[in-house]
Structure formats: structure tokens, C-alpha cells
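The following block contains the structure, expressed as C-alpha cells.
We call the chains A, B, C and D, going by the order they appear; numbering starts again at 1 in every chain.
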Amino acid sequence: MIPTAFEYFAPKSLDEALRLVERHGDEAKLLAGGHSLLPLMKLRLSVPRYVIDIGRIKSLRSIREDAGALVIGALTTHHDMETSELVGSRCPLLAETAAEIGDVQVRNRGTVGGSLAHGDPAADYPAAMVALDAEIVVAASSGTRRIRAEDFFVDLLTTQLRPGEIVTEVRVPASPEMSGSAYCKLHQPASGFALVGAAAQIALDSNGKLASVAIGMTGVAVRAYRARAAEAVLAGNKPSGKLLAEAAEKVADGIEPLADLHASAAYRRAVASVYARRALETAISRANERKA
Amino acid sequence: MKIEGQYILPGPPEAVWERLNDPAILVKSLPGVETLEPDGPDRYRAKIQYKMGAVSGTFAGEVELSDKNPPHAMKLKTSARGGPGFVTAVGQLDLVAKGKETEVHYSGDLQLGGLLAAVGSRMMEGAAKKSIDEFFQAIATSLGNSSQ
Amino acid sequence: MATTTKYVGKPVKRKEDARLIQGIAHYVDDRVLPGMLYLGVVRSPYAHARIRAIDTEKARTAAGVVAVLTAADLSQAIGPVPCAAQLPDLKPAPRPVLALDEVLFVGEGVAVVVATDPYTLRDALDLVDVDYEALTAVVDPEKAARKDSPRVHDSLADNIAYRWEIEGGDLRKAFRQADRVLKLRMTNQRVIPVAMECRAALAEYDRGDDRLTLWSSSQIPHLLRTQIASMLKIHESSVTVIVPEVGGGFGSKLNVYPEEALVSYLAMHLGRPVKWIESRRENFLATIHGRDQICEMEFAVQRDGTLLGLRAHIIADLGAYYQLLTPLIPTLSGLMLCGCYRLPNVRVEITGVLTNKMSTDAYRGAGRPEATYFIERGIDFVAAELKKDPAELRRKNFPKSKDFPYVTATGLIYDTANYQAAMDLALQKAGYKKLRREQEAARKKGRYIGIGLSSYVEICGMGPSSAMPAGGWESATVRIEPTGSVRVLTGSSPHGQGEETTFAQIAADFLGVGIEDVAVIHGNTSIVPYGIGTFGSRSTAVGGAALYRCLEKLRDKLLKIAGHLMQEDPAKLVLRGKQVVSRRDAHKSMPLLDVISAAYMAKTLPEGVEPGLDETDFFEPSNFTYPFGTHVAVVEVDPETGTVKLLKYVAVDDCGNVINPLLVEGQVQGGIVQSIGQALLEEAIYDEQGQLLTGELTDYAVPRAADIPWLETYRTVTPTPVNPLGVKGVGEAGTIGATPALVNAVVDALSRLGVRHLDMPMKRERVWKAIRDASSAPSGRARKAK
Amino acid sequence: MSVSIQLRVNGKTYQSAVEPRLLLIHYLREVLGLTGSHIGCETSLCGTCTVLVNGRAVKSCTMLAVQADGAEITTIEGLSAAPEAGGLHPVQQAFREKHGLQCGFCTPGMILSAVQLLGDNPNPGEAEIRRALAGNLCRCTGYQHIIESVRYAARKLRSQKR
């Protein structure tokens, strides 16, 4: 209902923000759109002493191209992502994923940086980010570093981010010709989070074989992951119904699925296969459409 | 919520047993526990500062060791209560010698109350497993340190 | 009805909307009084625990905190929450306003804090330290009913609150004669009302006038006033209850709650206004829940589908304490369990069980959705077992329209109906035969499409008084003011149903005035006459009937005066277009205002006619009303994930005469969607320790706009003779009709796999599991129902 | 430890000193007395507190007042006061015309979400309307009349533009 009291800072620049996070470390929480943090604070499940509102750092809200990569500022809202022409043309998977997040109001305020830094195991973006081989750029007073999305997510609500670091942008490599992508999501009916989210990013070669295939899964386990075993079944092969089904069977290989009120581990595992297969089917048919 | 698992710890059961019964080790190993004050035999009052990502909170807690059968088995009960509700974890620990190491089998029951039960259940099983991992990792580390 | 109906029967736009769409309406929380304090409740995180100690010191001394009180301070001053139910051998389980020694459910109040602002209050609530000793929680109602179960209440011998039974006909004979006996066990799960506005209460006490004013988000202002006066042991004449705008009730505000008494008491004792606003979290924990019944049914049937007899046992989970009507609700299920069928031989037993949970009570439909679900699911089950078309089986067992009034084996007298006509229309609108062909074609392609029917009858227009715990009548007063404006005062207490409009429609037509001339006043116990309130689809059927009779009296008086002035036989005069017009000669007329003036000037009144234009009526209905209808749902099940997609929904409802078709449609649509919620999404889940796991909107799913298909709604019209308007009520129809249609459709979709029954909510995993279990069974058809 | 903020609400400029933890919904309701926006939950899921912040629909219970410093806010009270509308906003009129409300508690938020939708998409289909309103719960209407209201408003707004 009502958060506990905290001290508030609204830095205007990244440098100022970095100085503040360095000074307050673990006792501070960064506030961007607020749609991960404020609900927790209102329930008093999060009780930071300092809140550093980075929402006014204009340099963090941008979408641009840089050396072939799509570079998305941390303060880019889900709505920006959903409606950006640049994202739509260069990386439709991200636009499609953004459109599946929460509801209109959430997409208007929630930011990509905030969502990634929160590390919610059921958030939507991580599936796409790991499938896209995106890099998450984090800054600290000592300098910046880039973390591969696949490494960034560590555990429940836990990422590679260290105290004193701020996510500043996400770099997404350009996707090859004749690629296709899709995000298929089974919504948790109450909260809208992903019970299972499967992101597929594939590319076909001129013979119709899968030149590359990446499958990112969210909601299934404590962190988003690449379904490598499933990818291995497909890579270099011509997709067929049988092959896709065989690959989909492997999307949760070696994974311990989460279990909660809304889905048991067995159900998550089964639906992960179904949704991965559907995402692959859609991605392939989209790639074929582009080809034609 | 039932939780089960096993760990291999570097050292004989006697050494593991000693660590598990040492409040100085416990306070360092139990995730989030800041202080342990004795409150009767094998009972401690704890101050717990819990943090997992953005989730954080201060809880008052208790740690209790019981049904001891040194160095084979014991019950470890930890409980914490605070604004968002309470958590009680009762775990049975069984220690079995495996060569120079000890296999610890634990099986326990995790009970959540209040708001934690309502909104925390999505994460709680994972969080509990993570905490248990951290606990045994810390015990393992303490064993490693002493053997050096 | 009046000679002209300019308004009645027309889709008149609502009068209440102007303020609501502009954000200038006032709900309780919108009211700010000078010096107002804020009250919060410290609630138990345990389902069952002994309170060892409560340390209030830190909270009491915090800045901005005015008072901290526990049961020790209040238990003598405030009586327990009232329960109006009277059943033979009902064990007492009254709810104290705050728990004294033991808490019996998660969310039960143990202390209150009063502070100067909501933020200070929230902080202070965390400073109250309660030391609990956890006790064994009793959660499963069937286990709770066993002799060896731990007890919820120490003071009671066991957890069985009551046993109730009803019997009609010769059941033994029916079962002896039956070709088949078919058994089915079903649950109608616990659900949470989730009115968009949580509960709210604000009290102010004027010591000089000895006047307590309580604003509450309630459906029953007068009953609340009476009960607050008796809980606080004060004069009822000192208490005014004001129910301003109410953001939905659905039965959850047809109750008296501890917080209403607490703010009242504290306002009196602190001498400052005290406000309490429920959080959604509290709304989940500590506002009544609904349903929660398990039913075992046995049908005695003939091979041709004729129903001979029904034996049923219902276990009803009442929760820890009784709220206003808690024990009574399941008995309504028992009474209505025969549904709309000729079922001459019946026996229903109900066991009401206490558990460590929030109380169940009247949730939209209150007992009838459960009954309808059980019988309608049962009918489809019987049809499937006998390999009959479910529509044919229904047709075979409906009473004919000439059989009405129809007396059921449970002793109810169904007023009027044509079940057949409603079902035929529904089947026609849904294209039933075509649907069956499409279903068959889809099956061949491996698609799982199902068609589900539900023919329901509900018990509405709650009266008569003989059958109600606190009176079944309703009141109305109509005043025509000297300027010609009309004021309708009603004891009903609408909160979204739109009676400010429908009652104005009735009055305007009756008096031949414009709808803009009529103001409908409700919800202030110092202004309107005593009333029973709005629930049980009763406002128009009973409150509207009281209004009608007031209007008759007023019309007769106006015509008598007009006849005197116009020198015309009053019987030959009508009210039309603000004129009194002669039926014999249309040129002979007089402005209505002249007649009204005459009534107030009182210089030219006919002999024996009193001055003024002010009539009151208390209408006592002779019977309930029994609306009915048939709903058809078409679903497709995704066999890989268990996702149920609703493809089509057709509803035919018969609520008798209709005052405003737009509003009737709104009621039906809203009810259906609430019911879709129960069928597919909603369930209050308590764990083994009695923790409410679905205790926030994050985990309790209510339908959203994107979850629902376009609903097709139609009506048949069979008026009732029970009230002069011929209306039956429509507030609950949708909620009652829809759940079985949906479950029947899903079971129908999966029947070829051998699925014979599914319990609600038909969540994806449950459906997926049923498919998987059925598919892996050696012989699908031979599987037993669960 | 209050923070000074300045913002425009319904066309009026306000300057206030607020506690950092004050939620925007409480600022609007308790400080400015604009009680048309309601509170229906604490988990950002019901949408009854929806207001427009710089033209976008936002749940004002999930935003701090300090975050709104410098923002332009429209609440339901400001929608009808908007000078270009001349009385009721077409979406407000439509809700009345099509019986898009019953108890009215969700209505202000619902209307503001619909206003944003029609700004983005002047001719939305049923599915688009349902998706745009997915962040606003209504327990009374079953949504159908709300959808009809939005369609009606869309027609009206389109004809006004012509």
C-alpha cells in the first residue's frame, strides 16, 4: 500500500548517478520506471534506505544503431520498444516481446533496463535477450563492461550486476538475412507474467536449412537460458515437423523447472516444449515469408 | 512446502557436526543472519537481514537445534517473522560418512505465513533452495578453511 | 402499468452516469472530514494460533499515533458480528470484532491502530508486535467433519456447525425403480468477490446532538444501522448510516463487519472522525468469500432419460465464524437443487463445517449458482452416460409451461416459466444442430470443440418475509414537491444496478412526467424509510413493487383532486405529458402542476382528501420469483496446453417484464463474465496451514477484457404474478447460468478421450492433466469419474 | 525530509513539498483533492488509478509524486474540463450512451485508457480494444458495453475530425 520512508535522489547525469550508487551501495535501489521496484516497496517486501531515481537521465532513453548493432538505452520503455520503427525493422523479436509485457499502463512506464536489472525469472525480455545474444552494458565509476545476456541472469532476482553498477544500454547484434523470430508466451492469468516464454531467432540459408537457431526460454527456471540441446538438434538441418518436435522435447533438458501455484514443474516442462515448438514454427514461417 | 536435497561436505561427520553446532559458524553460514544470541540450550535468537535482489527486509528469528544424535542426525529449525509475515523451516539433517567426506541429507518443510505466503510463494521454493545452497556452501568453506 | 410507457421498457440512459463519468461522484474514501483520523487493523498471519502477548508500546508511542487498542480494551464495549441465520441446532460461532485469545483465520484482526494520516498509520501497524503460538489449522472441510479432527473452536464439541436436510416424494421407490443409478462428485470452489471498491467505513460523532453518522460501502444501510446500534449498545435513533456511491458489492457488502463497529466506537470515544479503508490484501483475507461446496449426487434414471430421483449430500465450508448469513447460504442450494426439472423424489443433506478460513457468505447468486452448477453438470453427466443429447434430456424432464405454478419436491412454488421456449431460442440462436455437425467435423481433424448447455432457474426477488432472516419486504416513499418535481425514496440500496434510472422510469411513466423530473434517493437511513437493501435480485421485484404501489396511491389522489377541479369522473382521467387528460374528450385537460398546486394550497380539495402529495408503501411479496433461461457455451480446448478458448456464448434469460433492456443486458453480461471467471480462472486456495495463497490480484485471476469473447444475449418474457410490475429480477442470472455451460462444454470437448468430469476452475494444467490421464488410460471410455 | 515538486494537473500548475514516498495517486487524491481517480489494489493490477502522464496512461499508484515533477497530468476531472471538448469528452459521452459502466469505480481509469487508445489508434477493432483495456479491471459490466462505448467514441471522434 505505502512504502517505507527513504531518502530520494534524482540525478540528472549518469556520472552523478554513479557517484550516488557508489556512495550508498547495497542500501540504495535504483528507480527507473518503477514497475518492478514500487510494487515490492508498497508491499514492504523491499525497504531501501535510499532511492536513486535515474528516470531523468535523458541520455539513457534512446534507440540507435551503432556498428551494425541495435543499441537500446536502459530507460527505453516497453512502449517505446513495441512501437519503435527501428526496433520493428531491425529486431522484431524485441518489439513482439515488449508487446507481451504486462498491460498498456505497465508498458508506458516500465523500462528495459529496469526489467533486466530486476532479474525476475518470469520476465519477458530475458528470453529474447538470450536468444539474440544481446549484451548488457553496465557502468560503474571505474568504467563500463559488457555482459552477455546469457551470463547476466544468475538466479532468482539475481544478476551479474554488482553494487555500484547501473545498466545503461543493451546491444543487440544485427540479425542475418532471411532470419525470422517469434515470442510465444503462456501468461500467468492473474499477474500477466510468463509462466513460460519461448523466444526463437532463426536464419535460413539459401537451401532452406537452418543456418542459425537460437531459443531463449523464460519463466521455466530460476533464470532465462538458451535451450542449447534443442538448438543442436536443428542447426544445419532442414526444418520439418518431426525435427521441430524432436528439438522441442529438449528445451528443458538439464533444467529444473520452477513449480508454483500456477504451474507444476511437469506442466512447465511440457508447455515449454509446446511453446518452443510454436515459436520455432512461427519464426521459420516468418523467415520464409521474408524470403518470398 | 517440502524441500529435500543432499550435499557432500569436505570432512568427516564429526567435523561437520562440530560446525553445525558452533554458533559462530552458524551466524556466518545462515543466509541473512546478522546476530545469534543464545536463548537456552541449543536455542538462539536471531536478527535476520534478508536480501535477494530487490527483495529485502528485517526479521526477528529463532534458530533451534534438537533431536540430536551426534554426529549422525539433528533437527534444525529456523524461523523468522517481520512485517510481511513469517517463515518457518524445519529440516532434518542426516550425516553419513563417505570416505573422507560427509554426505548430508536434508529434508524439510517450509511454511510461509501472511503476505509472504500470498505473494512470495512464486519465488519461495527457489529462494529456500538458494538459501540452503548458501548455507552448506558456507559450512563447506568453513571446513575447507580449518583443514588448511 | 401506466397508460403510456414513454420510458418503461426502453433503453433509457442512466441518470447516475453523469457524476460517475466525470469523477465527481463520492465513494466513502472520497469524503474528508475535519480532524479525521485513520484506523488500521493488525491482522493475524496465522490461521489458528493462541495469542500469547500483544506489545503495543512501540506503536502507541510513535509520533502521530492516537490510539492502539486490542480485544482486551474492546470486547466488553462492542458485541460480536451479528448472524441472522436461524437453523435448528446451529452451533454458535460468533465472530468477535477483534480476536481475544485465539485467532481462527489468517486476516483476523487482533489490534487496531488509529493515527493522524495513512502513512503514519501504515508505519505504526508494523510496530505492533504480536506473539503467537501456532495451533493446528483445520483446512479441509471433509477432514474437519470427522470425529478425530482437531477443532476450530475449543468451545464446540466438533466442527460440524449444523446438519440440514430436506426430503420430498419417495426416494427409496425411485431408486428401486431406476434402470440406472449414476453418481457424480463435484466441487463448487471457494471464490472471492473482488468488488472493485474495497470496503470502507467512516464514522463521525456529534456529542452535542448525540448523533453517530456512519458512512459505509454497504448494500444494507438500515440493517447495518440496526446492527451497529446493538453491537455498540446505543440508541438506534442516534445512528445514521449513509451509503454513498458503492463500487460494487456482489454480496460481499451484504454484511456487517467488525471495522464498521470499530470506526463507530472509536469516533465516539476519540471525539474525532475515524476512517478505515480496506486494502485489497485485506479484502482478500477478511471480506466474505463465496461458494465452497462439495456435492455428491446420485441420480435415479430410466434408460429413456426420465429422471426419477435425486439424492445429494453437500458439504459446505463455512469458514471460522458466521457472518450475517453464513450458515443459511448452503440451504438455498439445497432448496434449489432440483433445478428446472420434474424431480419428484428428492433428498438433500447438507453438512455445514467450520474451518480455519474466512467465512463464506452471500456471493452473487448465493447458493443458487452452486445448486445450478451441481444439477446442470449432473444433467449433462447423465445425458453422456445414457448417450443422450443433453438438450433432449432436458426437454424430456422440463415441466410444461401449463404446469405452473409448479411445486418442487423441496417445497418451493415456481411462479411462472417456459423452460422449453427459452432453451429452444438459445439452441436456435446458437445454431445447435450446425454446431454439432461442426464439432464432429473438427473432431476428425483432431480439434477438441465442445458444446455445453445450462438451463437454470433461480430464486429471486427475495422476500417473502416468512422465508427471510430479516424481513423480505421493501419500502418506498414518493413525494411530489409543490414545483412538480418528484422525489422517490427507496429502501433498496443500489450500487451499480441503476435503480436511480429504472425507478425514475417507472415513476415518470406512471405520473406522466419527464424522467428528469424524478430524483431517486437511497442509502441514507435518516432520509429514506426503513428498507431491507439490495441483494438477491430484489430491488426492482420488491422495491420497485413498493414504488409502484406508492405511485398508484399518488395517482389516485391526483386524479381525485383533478376530477374535483375538472368536474370529471376520476376514473375517466389519465396522467399524460404533465397534463391530466380526459379519456372521453382529449381536449378536456388540466396541467398537472395545477393539480399539484391544489394539493399543496389545500383550498379546493375534495372532501376527505388530505393536503400534500406524499405516499409510503411497504410491499410484502407473496412468493419469491423464479427467473430462468438457457445458456450455450462453445469452447475449443488446446490439447497440448489445456488452454480453454471460449468460441461462442449465447444466453437466453427470462427475467419477466423488463424496465430497461440496456441495464438488463449489462447485468446479464457482467454476471456471465463473473461466472466465466469462476469456471476458468478463480479459486481461493488455502494451503495446509490455512494460508491464503491467492491473497492478492497477483495470484487470484479475475477476468480481463482480453479474456472474454463477444456474448450474445437474448430474452424471452414470462411475467410473474408475484408483483405488480411482473418483473422477476436479473442481478444474478448470468452468474448462475454460466458455470455449468462452460464445464459441460469442456467435458463435452474431451468426452471422446474418456474425460467424464472436470472440477472448476478449469485451469490449463488441470485440463492438460485430465487429457493426459485419459489418453494414457488403457481404455478411455472405461475410466471412472473422479 | 520533503522534496519540492512542480507539475501541471488538468491544466493548472501546482507546486508542493512532498515526502519522497508519497504515491502519485495519494498526491492527486489527498493533496489536490482530485478524488476521481480511485485505488483498487496495491499491486498495479486493477487500473482504477489510471491517469494520463504526458499523454500516456499510467497507474498512478505505481508512480511516486516526485517522479511526476515537471509532468503534465490529466485526471478524469480534467478530461471534461478540457476546453476543446466543450463539456463532456466524447469517450465520457460514449460510456453513458452505451451503458459502459455500472458501479462506476473502474470508470475513470477505463475512460482514460480508452482516451489513450483512441489517440494512438482512431479506429480500433474489438481485439485491439480488449487488449488496450487489459490493464483495467471491471467486475460489473463484463466489458462488452465498455467495448461498445469505445467503438462509439471512436466513431464520434473520427466524424469530428472530418
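Annotations
Going forward, a contact is a pair of C-beta atoms (placed from the backbone, for glycine too) under 8 Å apart; a residue touches a chain by one contact, two chains touch by 3 or more.
Here the structure is a predicted model, which means the values were calculated and not measured.
Path length between chain A and chain B in the touching-chain graph (shortest route): 1. Of the two interfaces, A-C and A-D, the higher number of touching C-beta pairs belongs to A-D. Our note on geometry: chain A versus chain C, Cα centroid distance of 44 Å, whole angstroms.
Here the CA centre of chain A is 29 Å from the CA centre of chain D. Taking each chain's centre as the mean of its C-alpha atoms, chain B lies 49 Å from chain C. Among the residues of chain D, those touching two or more other chains are numbered 19, 21, 42-43, 45, 131, 134, 136. Residues of chain B found to touch two or more other chains are 83, 115, 119, 121-122. Residue positions of chain C with contacts to 2 or more other chains are 118-119, 126, 279, 281, 693-694, 696-699, 702. Inter-chain contacts, as defined above, occur between A-B, A-C, A-D, B-C, C-D.
Residues 1, 3, 19-21, 23, 42-45, 47, 50, 53, 56-59, 61-64, 66-67, 69, 113, 116-117, 131-132, 134-136 of chain D touch chain A in their complex.
Interface residues of chain A, counted against chain C in their complex, comprise 1-2, 4-5, 44, 186, 189-191, 261-264, 267, 270-271, 274-275.
Interface residues of chain C facing chain D in the complex, by the touch rule stated above, are 11, 13-14, 16-27, 29-30, 32, 118-119, 194-198, 245-248, 250, 277, 279-281, 495-498, 662-663, 665-666, 669-674, 696-698, 702-706, 708, 710-711, 734. Against chain B, in their complex, chain A makes its touches with residues 26, 29, 36-37, 40, 43-48, 118-119, 121-122, 155-159, 222, 258-262.
Residues of chain C that touch chain B in their complex: 45-46, 106, 126, 281, 284, 687, 689, 691-696, 698-699.
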